[in-house]
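By letter and in written order, the chains are A, B and C; residue numbering begins at 1 in each of them.
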Amino acid sequence: MAVSETDSASVRVKPKERFDFFHDERVRSIFYQLLTAGTVGWLAWYLITTTAHNLEVRGMNTGFGFLTATAGFDTDFKLIEYEPGIGTYRRIFFIGVLNTLLISFFAIIASTVLGFFVGILRLSSNWLVARLALVYVEILRNTPLLMQIIFWYVAVFSILPRVKNSIDLSGGAEVVFLNNRGLYAASPVPGDLFWMTIVAFVAAVIGVFFLSRWAHKRQDLTGQVFPTFSASMGLLIVVPGIAYLATGSPLDWDIPSLQGFNFKGGVSLPPAFLALLVALTFYHAAHLAEAVRAGILSVDTGQSDAALSIGLKQNRVLALVIIPQAMRAIVPPLISNCMNVVKNSSLAVAIGYSDVVALFMQTALNQAGYAVEMVGMTMAFYMTVSLSISGLLNIYNKRVQLVER
Amino acid sequence: MVVVRTQPTSSRTAPLSETTVIGWLHKNLFSTVLNAVLTLICLYIIYVVVKGLWIWGVADAVWVAKDRRECFDISIDGACWAGVIQWIDNIFYGRYPRTELWRVNLGGLLLVLWMAPLWLPRVRAKIFIGLSTVFLYPFLAGYLFAGGDKSLFMQVMVTLAMVCLAGNTAHAIIGVSSGRGLPDTLLRWLGKDQAPEATQRNTLLVLLAAALAVGYALQTGWTEEVVPWSKWGGMFLTLVISGIGIATALPGGIILALGRRSKMPVIRVMSTAFIELFRSVPLITVLFMATTMFPLFMPEGFVLNKLVQVIIAVSLFSACYMAETVRAGLQAIPRGQYEAAHTIGLGYWGMMGLIVMPQALKHMIPNIVGSFIGLLKDTTLVSIIGLFDILGMLRSVSQDVPWRGLHKEPLLFGAVVFFVVCSVMSKYSRHLEVKLSAGAKR
Amino acid sequence: MKLTTLFASATAVAAMTLAGATAAQAASTLEIVKERGFLRCQVGPPTPGFYNLDANGDWYGSDVAICQAVAAAIFGSKDKLEIQSVSSQVRFTALANGESDLLSRTATWTLLRDTQLGLDFTAVNFYDGQGFMVPKDSGITSALDLKGATVCVLTGTTTELNLADFSRLHNLDISPVTFEDTNVRNDTYLQGGCDAMTNDKSGLASSKAAFPNPGDHLVLPETISKEPLAPAVRHGDDQWFDIVKWTVHVLVGAEELGITQANVDDMRANATNPSVRRILGVEGNLHEGLGLTKDWAYNIIKAVGNYGEVYEAYMGGGELGIGIGRAGSANALWTQGGLMYSPPFR
């Protein structure tokens, strides 16, 4: 409780120690803790018994038995096999979870890239560019995300063409199509010997690791700079490439083609996915842009002056001096941005993308009941994801924190 | 040789880039080829966007029509603002009875009146004014908005709020004109400013009691027609939910943050768990939980209405975010402050209440404004669970038979409203940040 | 620290909570409603035809008329009513926990809902069925032509399940595109984002009427589901169940007997037809079994009119109607080939 209590007590000349039950620090502390624990415990017990009673009175079903029951509804977007009337609610839950993770993954990557880009534009010496970036950031940050999602959803449909006039994004190769029903792309179908290519790739990655260690050591010893980046890239492309060709190109492509009403084959992403992706990307990029800008500004100008004065080139100054220092300020908001993307992807419910909330907490809950279990499972999922991400953040913070004093 | 200049040199004229338009353009827009290209691209983007919006939203738009069909007849490609204009009351006030709208407006006005002293120079005791806004204003506004019979508790709170409002206003006026506080001035009036402290205190207490008695008498004669919560809606409801959310989040957040920093393991673990639990899940799941599970938590025959459910959920949620804001504020207070407080013999609550919190709160104000903006935006989620907040109303326009299908215009209108409100507030919070940190720098 | 104060306040909190727990044991719904002084009637988020907000913030629609009718039956005034608009996730729980007295929204009467959700459906006030709408120039004339088509559907409704069933039954391999919002669904459909759109036929008609060019679209003849929509009440209060059920019957019965909002006063004063006299409470004591006043049915008709008038106003060609023809549909009176039939008032 008291800050300076612990070690000073022994030094002090003790007054007549009289144990006063009501005014003793430890007794009070234990009492408070017992009181809190008791109140919370009682509240929990009260809620649980009331809920159980209410469920019983209303004849509502409980337990996790429903997970193995079959769900009668279909979903328009799924990453794993599912057949309505055959698939179970457990499968529905996993479809939702995977969809949430998928959209979050892409939105995190896209918003990070765009966020850095806009953040740098904010600092552009071109007045118009800097202003435009500011307008973008201000508009996106000051309107509710939910409105933006609905807006993009409406906008995506009005911009994209109909199926018959699909845009061929692959420039005439007819493997990637975009229309107002979604994005259709060719999907790889690995052949028998494709594992060789993967093995070669893994080997290349390991090679790159050792190469960079060696290059570092050499630079430390001799001061010579080895072009690690281009060498690594070469290694990563050439080795798997040779393996792939040597095994006889064991990879087929399932190419989407227009059959009847729709494109068939390949992989496809529904427009709701695209709209949500665009909305989340733009919204979070705006937030991130500010963090990036603040991060870059937080690096003292003396740093770049000093770096330039010892003869580093402009790009080396950026890469070796500015960015590593700016990253210390950028990474925490970057990671909390990841957390927010995952959480905000739950707004998919407003436009019907089948994420875990829309699919499990809304549709499935509507069909089957089991409010307590379904809400609990969904929240547990988000908690797991968020806590793992914030765990990563803590580890990073510990590593990069300036050691003061 | 000594050269002594007796006349100052005439100042050189500013470089061209600082004085002429062309110079400015060259420096800021066309300094390099890349910059020139970027500028042209930007100009093109601005041209396309502004032109499109202008044609759709203004040039071809329909402002007066009786229904959407008529809009279509006048201009099939333009915006149909007539529907938004007809629904404007719904969008701002929801289903609040049209004859009682003055109560909502008055409530807003009172809030401005209450908080105005916070911005005025030379007014003292701003912390007290701020706290009274959080703890007393909601009761006065609550009665004003809801109406009906007052319970004893409400009577007491409304009386307190009325007296406090009157006192605040008088205090502010006196403060601006003379730089003194209300109690000082009262004592001076009564000629008791030289009297012993006990006499002064007693005089003030008597005055307060008298004011309370007058206030109580006034409020007993004041009754308003009941307006059930189901009639609240639109921007008004959004502000009510987020306002209550932030007002309850503040004390809740302080308690949770203190709990998290406590030396008592049980309390620390529980606070941390609670904070992390709510911070790690999306608001929409908390809202779903509130509407599907709260009814199961309640004993039989005991019904919480949906607004209360939502407010509880929003308050819990924002309290956990506030707790982190408070914790950051507390961490910014140097250890020496805690130690000094202990040295002069203050206990835990004395130390926190008198030394640490006032300093920490000052640091936190910009962040609190920021949280409020965030909460205001997040409150639109309540439309998903069926409350008619501003977004709910905006989306209902398209279901009204005369305006069926009209959904883009209301949405855009709502976005503009939010943009204006939020950017004014965030400008203000940035201004505050600069102002407060300027004081701290010395 | 003041231990005693702390302890006392803790006990007080506990005591208050316990007191809350033991308060208010359920009385009959009618008593609760009467004591409260108004009816709490649950509808859904605004849906054309059934329940809708107008620019003044007032509710209107055919299901709202049922709410008003029940309020009029109990209180003699249709305004003693609080309309609660509840999202579909919590519609049944809100009824079950007593938040709403009555659920008058487009809830389909199914066996599962009737038996497992603790609610009872009263009497059907609208027969709906799921259908498809396609653009005329697509050349599709039957739902069976939709093989491989993309169909726009609202999420979280039985419509989605019916579509899946229909697709499986006929091996159509339909891919659903789900939407949360009718407007976005309509826009998508209009811009060719899906080949057809499915919904209850009332919904299709109402969407179509709002299109820029309604004539370019066709509602296919197939009806792939039965959607009897009926007001529902909590299970276990038979008197309340009867009141709501017979309120619906009064609306239909009044139409059968030719009683309208305009002529109800005249009918009550001068009618000689014994059925009319009984329903309006001039003769007999039909109201006693329901626990209502003698003029309950009169109040209903005076407040909202008969079934035909309600239909015309909100579903049919009235100013606020969504333009669904009644003649020849299941919603016509039984004497005109429909299914609307009231048990005798005696």
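Simple rule for what comes next: contacts are C-beta pairs under 8 Å (C-beta built on N, C-alpha and C of every residue); 3 or more make two chains touch, one makes a residue touch a chain.
Note that the structure is a prediction, hence the values are computed from the model and not measured.
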Most widely separated chain from subunit B, with each centre as the mean of CA atoms: C
Top-ranked pair of chains - ranking by C-beta pairs in contact: A-B
Chain centre separation in whole Å, for subunit C relative to subunit A (CA means): 43
Mean-CA-position distance for subunit B and subunit A (Å): 30
Length of the line joining the C-alpha centres of subunit B and subunit C, rounded to whole Å: 39
Multi-partner residues of subunit B (at least 2 other chains): 288, 292, 295-296, 298-300, 384, 407
Shared interface positions of subunit C, touching two or more other chains: 21, 89, 93, 96-97, 181, 183-184
Contacts with 2+ other chains: residues of subunit A: 50, 54, 150, 154, 349-350, 362, 365, 371
Parts of subunit C lying in touch with subunit B, wherever the complex brings them together: 20-26, 45-49, 52-58, 82-87, 89-90, 93-94, 96-99, 181-184, 186, 206-207, 209-212, 320-322
Partner subunit C, residues of subunit B touching it in the complex: 68, 72, 76, 86-87, 89-90, 93-96, 98, 228, 230-231, 233, 288, 291-292, 295-296, 298-303, 305-306, 384-386, 388, 392-393, 395-396, 398-402, 404-405, 407
Complex contacts: residues of subunit B adjacent to subunit A: 28-29, 31, 35, 38-39, 42-43, 45-46, 262-267, 270, 276-277, 279-285, 288-289, 292-293, 295-300, 335, 338-339, 342, 348, 373, 377-378, 380-381, 383-384, 391, 407-408, 411, 414-415, 418-419, 422-423, 426
List of subunit A residues in touch with subunit C within their complex: 22, 28, 31, 35, 39, 42, 46, 50, 54, 58-60, 72-76, 84-85, 150, 153-154, 157-158, 162-163, 180-181, 259-262, 264, 270-272, 349-352, 354, 358, 362-363, 365-367, 369, 371
Residue numbers on subunit C that touch subunit A, as the complex places them: 1, 3, 6, 10, 14, 17, 21, 88-89, 93, 96-97, 116-118, 147-150, 155-156, 160-161, 163-165, 168, 175-181, 183-184, 187-188, 191-195
